[in-house]
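The two complexes that follow have chain A in common; it is paired with chain B in the first and with chain C in the second.
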Partner chain A sequence: MPKQQANWSPYDNNGGTCVAIAGADYCVIAADTRMSTGYSILTRDYSKIIQLADKSVMASSGFQADVRALQKVLAARHLIYQHQHNKQMSCPAMAQLLSNTLYFKRFFPYYAFNVLGGLDSEGKGCVFTYDAVGSYERVGYSAQGSGATLITPFLDNQLKSPSPLLLPAKDAVTPLSEIEAIDLVKTCFASATERDIYTGDKVEMLVLNANGIRREVMELRKD
Partner chain B sequence: MMKIDFSGLDPSMLVKGNAEGLDDEILAAPSFKLPVTVDFDGFQKAAVQMVKPAKGTTTLAFIFKDGVMVAADSRASMGGYISSQSVKKIIEINPYMLGTMAGGAADCQFWHRNLGIKCRLHELANKRRISVAGASKLLANILYSYRGMGLSVGTMIAGWDEKGPGLYYVDSEGGRLKGTRFSVGSGSPYAYGVLDSGYRFDLSVEEAAELARRAIYHATFRDGASGGVASVYHVGPSGWKKLSGDDVGELHYSYYPVEPTTVEQEMADVPIA
Partner chain C sequence: MSRFEESAPARGGFSFDLCKRNEMLVQKGLKPSSYLKTGTTIVGLVFQDGVILGADTRATEGPIVADKNCEKIHYMAPNIYCCGAGTAADTEAVTDMVSSQLKLHRFHTGRESRVVTALTLLKSHLFSYQGHVSAALVLGGVDVTGPHLHTIYPHGSTDTLPFATMGSGSLAAMAIFESKYREGLTRDEGVKLVAEAICSGIFNDLGSGSNVDVCVITKGKREYLRNYMLPNPRTYVSEKGYSFSKKTEVLLTKITPLRELVEVIEGGDAMEE
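Then we have the complex of A and B:
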């Protein structure tokens, strides 16, 4: 009898799309609420977004079991940080923590494609985008997940911000107002839903600004 | 003679002593979790296919009479998809040492950050800055110990120490080479062509910067995995300084401006009948 190979994979892809846009004094983080496996929909009402600190919100698509484990590790580390330092973690600090957490599973990666959004210590919007093993950079906007290849070119066209690497340095955050940015996000998801089978049902948007955090939900096509 | 028991000073022991029920795993010094599988290599290959970590690049560095010139592009690709056009591939380890990123973006970022920490600890322990040779050796030894596990790092450590300008190439196979001219990445053959033909030891800082910029531009022109912004840094006796960051699309038109041709002019002049 020929040697049988194991064909069980520890990973699965639950699909979904996440987007984040940074503004001068706000940040929008959005994700759809559909969770799928293969061609089946497991649920239409699953949140991929978690608020890690009062100024840091993470949205993750990919394998939701790994995403949930990652969220728990980060929440626990943030709690310890609060006990040790008597303050909340800043968004750039949380960004590096997420990078290190992902890299420590370099040889058995979290199958999670993350985007972290929030406000930095000056109150400016910041968005950090990650790959699955922890490489990250601060950007003006980002999309991750199954609909990312559909949304990113659209955001490049609407929001194309000068690269932070240019010298003389130019600001990377979008000059759009908060309302315009939210409208743009809704447009992104409505369009991605049309052409990506894993994106749809509802889009959940969290908006962080100086006044706090606000949540908005919009219905999307359910087919 | 009885050995002195330092276990009370061990930071992880201190915490364990106080808090029962606190998860040891979260507080212990982090170490890499490995998958429980008989075929580690096969698992890594499958994982790389699935997560598609960001890579692809052109970086270069060379020593000349006024120090070290370091330049890189800024594109990261995941398979055939451009995941970013603004990746920082020149990593500032400390104010007088730079590292370049080629290969796996996460691997380079993480190990350069780790190297920066080790360099700082060396400074605190020895009351003097670490040499470029020492820093590159630290990195090379770490990467050698992970040899065969699938790390992808092709980096150059450039700096200025007591011996003057220093440049080392270090990779994830465990190789470490001292040299005066290196280019690493998928676009390196193109960059070498321009760099080697234009190189002289007695270049001025502006000439050297322009040579580095051109070499990166030509690599981005011909290599699909390189592009974005060409960054150029100079490392001198007082540390590194970023000299320029230019979008390579715009560099193309500044090097090769479009001349209006006579045919176009004729067409513009034809009146509407």
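Then we have the complex of A and C:
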């Protein structure tokens, strides 16, 4: 009998796309609400976004069971931090915690593609982007998930400086206003929905600024 | 002597010479070709005056939508149309080929084509390619013997049915048909049911989407209703629009003049042969 290979995978991909954009004094984090498996839709109304601290919001696409487990671990660790330090975790601190949590499972990873967004200690917008095992970087904007390859080139065109070789690298945050950034995010999702079968139904957008958090939902194509 | 005998197949039937070689390849790790149900919902039903065919309009390449409004209902004859699911190139090629063969046959016989003729031509072609031509078809039409509806699978088997669905969205569409189909539907009821079945595929199957195409075939008449329904408009269009400025920078300008004048010397060395 020839050697049998394992034909059971512990992972599944539930699809979806997440985007985050950092501004001078705000941060927009958005994710679609479709959860799918194979060619079927499991639900049209699933939130991939979680608020971890008062200035940190995480959006994750990939295998939602792993995402849910990861969210629970981070929420528990944040609670312990609050008990020990008598304050909320800052966004850069949460970013480091997420990276460490992901690398802890380096040899059986969380199948989660995360973007963390929020306001840093100075009140400026910050976005951190991750791979599945915890490599992270602070950036001005990021997209993850099934529609990321469709959205990232568009954001590069609209938000990046014309030639990074000539001009010195601009500040990570975008000069756009909050309204313009939200318009950009809506366009990104409407366009990604046209061409990616795993993105659609609704897009949930959270905006963090000095006044607090605001939530907005927009309808997308349901096919 | 024995070599000579091996090359000719036994009188009629199959030659099993390659089975041993195929077994060896599978043992070495070659995966046998499998039947893929790719992104599409196609349906057909028989109503009191003829047949109605329906299809979605999304063409996918893996998870990406390659064409948002393609045509999946193919012309076979003035009274016969065919919906195709599977590899787009295969469905196009096989329906075009059989459509040409039917036209030649019409010239030869002087009669309107029959649905069973198209059926036999398609099934024998697909069978001879042993499923490698990945075309799953819903063939429908009205001829002198009446209305007909058939499904044809990539390996060459066929079914004759009062209502049929194929493609990755076939289960979603069949659920609608099984609940609501009855014999002797009127034209409007039939079109409404077909559109409902395709919509079920469009919204519940990720491989199907965009618009609904319908084709109604009756005795002596066919109506091809391209984009009969458009249930998926774009949800958001930015009012101010976007500009894409030219991202080119002039780094260096250098002009190298070409030689001003080239002199041609008469009576120079002769060319070598």
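Keep this in mind: the second predicted complex is superposed on the first by the 209 of 223 C-alpha atoms of A that agree within 3 Å, B and C clash if a C-alpha of one lies under 4 Å from a C-alpha of the other, contacts with A are read in each partner's own complex, and residues count from 1 in each chain.
Definition applied: a residue touches a chain if its C-beta (ideal position, glycine included) is under 8 Å from a C-beta of that chain, and two chains touch if they have at least 3 such contacts.
Predicted model only: the values in this text are computed from it and were never measured.
Residue contacts after overlaying the shared chain place A:T187 against chain C, while chain B stays out of touching range.
In the superposition on chain A, A:S146 makes contact with chain C only, not with chain B. In the superposition on chain A, contact of A:K222 is made with chain C only, not with chain B.
In the superposition on chain A, A:F108 makes contact with chain B only, while chain C stays out of contact range. When the two complexes are overlaid on their common chain A, residue A:R195 makes contact with chain C while staying clear of chain B. After overlaying the two complexes on the shared chain, residue contacts for A:E122 are found with neither chain B nor chain C.
Of the two partner chains placed by superposition, only chain B is touched by A:V133; chain C is not.
Common to the chain B-facing and chain C-facing surfaces of chain A are residues 163, 166. The residues of chain A lying in touch with chain C in their complex are 2, 36, 39-41, 146, 157-158, 162-163, 166, 183, 186-187, 189-190, 193-198, 218-223. Contact residues on chain C toward chain A in their complex (touch as defined above): 27, 39, 58, 60, 63-65, 68, 168, 202-210, 231-232, 234-238, 240, 242, 244-245, 247, 249.
Interface residues of chain B, counted against chain A in their complex, comprise 23, 26-27, 30-35, 40, 43-44, 46-47, 50-54, 74, 76, 78, 81, 83-88, 104-110, 149-151, 228-229, 231, 242-247. Within the complex formed with chain B, the residues of chain A that make contact are 9-11, 73, 76-77, 80, 99-100, 102-109, 111, 129, 131-137, 139, 149, 163-167.
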